[in-house]
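Chains: A, B, C and D, in written order; residue numbering restarts at 1 for each.
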Amino acid sequence: MTSTRTGRHRYAARLNAFRASASAGKKPTVAEMIKAAGHVGGLTAADLNYPDHFAFHDGVALARLLAENGMALNGLAMRYYTDPGFAIGAFTNPNPATRRAAIDLTKQGIDTLAEMGGRLMTLWMGQDGFDYAFQADYARMWDDTVAAIADVADHNPAIDISIEYKPNEPRAFALMPDVATTLLALREVGRPNTGVTLDFAHVLYADEMPAHAAHLVSRHSRLLGVHLNDGYGKRDDGLMAGTVHAVQTVELFVELDRAGYDGVIYFDTFPDQSGLDPVEEARTNIRLTERLREVAKVLTGEAALASAIAAQDAAQSQRIVAAALYGA
Amino acid sequence: MTSTRTGRHRYAARLNAFRASASAGKKPTVAEMIKAAGHVGGLTAADLNYPDHFAFHDGVALARLLAENGMALNGLAMRYYTDPGFAIGAFTNPNPATRRAAIDLTKQGIDTLAEMGGRLMTLWMGQDGFDYAFQADYARMWDDTVAAIADVADHNPAIDISIEYKPNEPRAFALMPDVATTLLALREVGRPNTGVTLDFAHVLYADEMPAHAAHLVSRHSRLLGVHLNDGYGKRDDGLMAGTVHAVQTVELFVELDRAGYDGVIYFDTFPDQSGLDPVEEARTNIRLTERLREVAKVLTGEAALASAIAAQDAAQSQRIVAAALYGA
Amino acid sequence: MTSTRTGRHRYAARLNAFRASASAGKKPTVAEMIKAAGHVGGLTAADLNYPDHFAFHDGVALARLLAENGMALNGLAMRYYTDPGFAIGAFTNPNPATRRAAIDLTKQGIDTLAEMGGRLMTLWMGQDGFDYAFQADYARMWDDTVAAIADVADHNPAIDISIEYKPNEPRAFALMPDVATTLLALREVGRPNTGVTLDFAHVLYADEMPAHAAHLVSRHSRLLGVHLNDGYGKRDDGLMAGTVHAVQTVELFVELDRAGYDGVIYFDTFPDQSGLDPVEEARTNIRLTERLREVAKVLTGEAALASAIAAQDAAQSQRIVAAALYGA
Amino acid sequence: MTSTRTGRHRYAARLNAFRASASAGKKPTVAEMIKAAGHVGGLTAADLNYPDHFAFHDGVALARLLAENGMALNGLAMRYYTDPGFAIGAFTNPNPATRRAAIDLTKQGIDTLAEMGGRLMTLWMGQDGFDYAFQADYARMWDDTVAAIADVADHNPAIDISIEYKPNEPRAFALMPDVATTLLALREVGRPNTGVTLDFAHVLYADEMPAHAAHLVSRHSRLLGVHLNDGYGKRDDGLMAGTVHAVQTVELFVELDRAGYDGVIYFDTFPDQSGLDPVEEARTNIRLTERLREVAKVLTGEAALASAIAAQDAAQSQRIVAAALYGA
């Protein structure tokens, strides 16, 4: 069920954004969240968190729930909560048993994903990093991380392992904070079934230009996931797509097309942070994204823009972009 | 020559942006820069730096050069370069003679401004601040700064003294780094002929939302100057207006209208940083700004937006803004 | 029970740091956390969160638990969790009933505090702010905030209301993000029983120098609370005190002494983020803090340092500071 | 003249820091700056900027001036000022003739370096980068940069080419902004005579931990240069070494020893920014650095620290570090 059937990206839901859909006062169930995401109209895929979303449903049940609500499984995303020891590291934990547990949990996630017919396992290794100087052995953490990623990649070569980087939070420094560090790690890992997931807000606060980060990924690895949202470049703001950096979002779409990215666009946004109705918030995400993708198409064919870029003449290129984007 | 005659803001030139207009290989003269700014078409005002731009011309000559090129004087902006001792502070210098020299130089600038018929003296006290802990006495720097601003304000009560803040550079910490610190200082100064100049890129890297900063200025002081440009919130990028944060630029225009701001829009941009033809770059600045001001007018009258804002419903407000701005 | 009896600051516990002390697998009780904090030896005060920590104990019971473990109540700190509507604002909520609920909850906290014999109510208004341009009316949010703070301050003029600022999180922009904005707000509030709480890590990522922020508070308001910790200036890192910015911590202590601050030093640190034993982590906090306070005392009497500061000669001042701090 | 003869790093001067040594009112000559650096006592090496410092002296004359003042040449550092076209890029310039000119200028620098008996050419490609989205072709800039570095590396395989990264300034985004991007580029370049120069303040505002950055360089390339200074993680502050981040400086020294770094420690500091006497400022740099290196030696042999690090127990490690550093 790839986008190539429709010639367009599919949009995927972040299910936890739909927590507000729970029956009043109760903790939301996965079924309720999937149902709410299905109400949006336009979300045709979803990532599930493993093991969190599988607490009360197995893969078969979840796949059915998704299908009933018009969504296909995009992939799974690991969460390392089940062992409090993970707080100080999953793959980089000082305790080899805990590292092994993190790897085994990931393999279980991979097995579950494969059973569900999925192909994409996203790893945001948020627990892996450090907070202090003289806290951990950097070489050891790198060796352990590279070995772990290779181990999980080898567990099922038909499953893609995509590393999603983020500068910090919950650790003061993530071990994989930015695109280039992630690419260096994947080069050490040296497995073909690996790649990178870009999260727009993470990219911004890693001080990167989204299209440039996407180019580096294409150049050195494979772009397997795109989390679209927006922010102010200081933290993981999780704002609706296109609400702050429209120009950079358009440039990212141009680069995604150039790179032949045919995966989903996953809205990694936090409506609850702003007290928003998640269904309406998702509709705004889709609407703004659709328009910015149109602008990207227009600009892709714009010869005058290509000339300005070749000359690095921003006085011209910004005029062309602004004309296409907002009628300047 | 206020904008109220035309019902629109005038656009002012940053003359030093036109350095590239100099005869090949030579240092550009003020006359050459003014002439180049005049070629843009649309720049009808300019700020002159004092004493820099007066090295070879007096006020009468400069006023005539401006007029010949279709520009009126908006005001003067002080630069504290003439005494190498200013590097460690102008108003906050540890040496009372140097502080006195900075104050006297500012008064000379005020006198020159008055002779030229101008009313706005902008003070960006970039040299005043600190780099290290245990470097300077904060209370002393504050007392000296407040006394100096009061002193120069009293020199000619018909002249407005506008403080332009900037987080850092050339000092690691400016004494006036953000909007609220500047407003606290002006409250201590307690003179009616004072106010604040907002520079969009400075506002961004002071981690402020431009319209909110403008509101605070209106609430506690007077908004006397607006320097329009753009950036990424990490440094004084000096990019062309509307090229990164179009939404926030539009919101600023809505707030400027609400506040009744009728001063100039000064493009504080750095075309040379990007190897741009300053005349073309200024035309792009004007074009994008004009369009974003139109969008601001549309949104100002938009009842659905006012409702969404009253409810703090961003899922609705962002949809309305994106529809007006880029046709989402 | 002021520090003046002992001539030194008391150290206060952040009880939630002691969550790890819970019986295995269970949610920690307030009693368990207080007990664990008592084991540290050196923590003689604590702040309680209202209403969170009062879920199963009333004020009398909590005061007794604290006393049994060698701690006195420093004050209460409000948390606005009880109404999901608070997510989009407590004092700045668009719904007047929710604003009223936040104010009433705060007054209940004040009443509880007074019954317990305490005097300090700390308000970190983390829910109050905005995420998007065109999301909220800045003037309205300011008016509502100022009115609310005045309202709660008037509820019991014998209780001090201290505003603790933080740049962001959970909102993209807090309404009270930095020291000067907080001081502007308190000036509008105009009540004598108000002041400011500085959190070192918040100060760092508000791009402020701690001692300078403390000076501004003394200059314009009252310094009622100090949360000591450390960070990297990008987020609320909650690291152990003195582990990154020792020099700035020492300078803060010098300023606290100059200002006559005799309140507690509250360790607002996050041992769980680094998988640390909270009792050991608290002991490290105390040890490092005690040493840095000694260094501050040495430097306070150092005439050569005063001269260097008067001359703003950092080549000399940094040499003196480094000699006292680390024997350079 | 390696440090291995003396068992310690040599300290190198940033000559431009000694501008204040010029005869009053005149532009300082290279000879005057070298002489002033020689007065410091303890600076036994220097980097010269090419072509700037060669305007009035050839390599032989400069080598002699250095020797007369107790300094040996550490290497040359390129500066791309001679062609105004370089503003928009040296290796990444859109004009192939300008790219060729930048490469040729670098080769001339390499030839001059070789004639002077030096081995290290440092390239800080500050002009190479971008300011806007849709300004330049990222793939083209990368291809051109990689080709240019390979070209200059091949020009003389006996000369090491070291890339010094910096996040921004003068461009909004440098193409080589951080350690990992630089390492990715050098991997593409694939030449043995290449490596990386770490500048502490650049590392901080690239959001990196210095020792971790050094580890990554050792892991993937060669550490050829260390510029020591300090800052606040927001810009290139150029503060004296050890004045803000003493702990991280010590950890860097531990890592440098582990990596067998035997190059110079170059003080890339800006005394003029703080109005400091550059000779005194350099003496403070050396004094603080010497002490922090002693602390690093103590900690290197500390078994309890190694245990704490193996366990990632920061409550213990920070206690040990603080005890060694400042007697906590």
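In this section, a contact is a pair of C-beta atoms (placed from the backbone, for glycine too) under 8 Å apart; a residue touches a chain by one contact, two chains touch by 3 or more.
Source: prediction; values computed, not measured.
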(request) Pick same or different for copies chain B and chain C, depending on whether their interface residues overlap by over half. (result) same
(message) Need the most distant chain from chain C, centre defined as the mean of C-alpha atoms.
(response) D
(request) Let me have the rounded angstrom distance from the C-alpha centre of chain C over to the C-alpha centre of chain D, please. (result) 39
(message) I'd like the Å distance between the centres of chain A and chain C, where a centre is the mean of that chain's Cα atoms.
(response) 35
(message) Residues of chain B that contact two or more other chains, please.
(response) 88-89, 131-133, 135, 167, 173, 207, 232, 234, 240, 243-244, 247-248, 274-275, 312, 314, 318, 321
(request) Would you pull the chain C residues touching chain D in the complex into a rising list? (result) 207, 232-234, 240, 242-248, 271, 274-277, 280-281, 283-284, 287-288, 290-292, 295, 312-316, 318-319, 321-322, 325-328
(request) Sort out for me which residues of chain B touch chain D in the complex. (result) 85, 87-89, 131-133, 135, 167-173, 231-232, 234-235, 237, 239-240, 243-244, 272-275
(request) Could you pull out which chain D residues touch chain A in their complex? (result) 88-89, 93-94, 130-139, 142, 167, 173, 177-181, 183-184, 187, 206-209, 211-212, 215-216, 219-220, 247-248, 250-251, 255, 299, 305, 308-312, 314, 317-318, 320-321
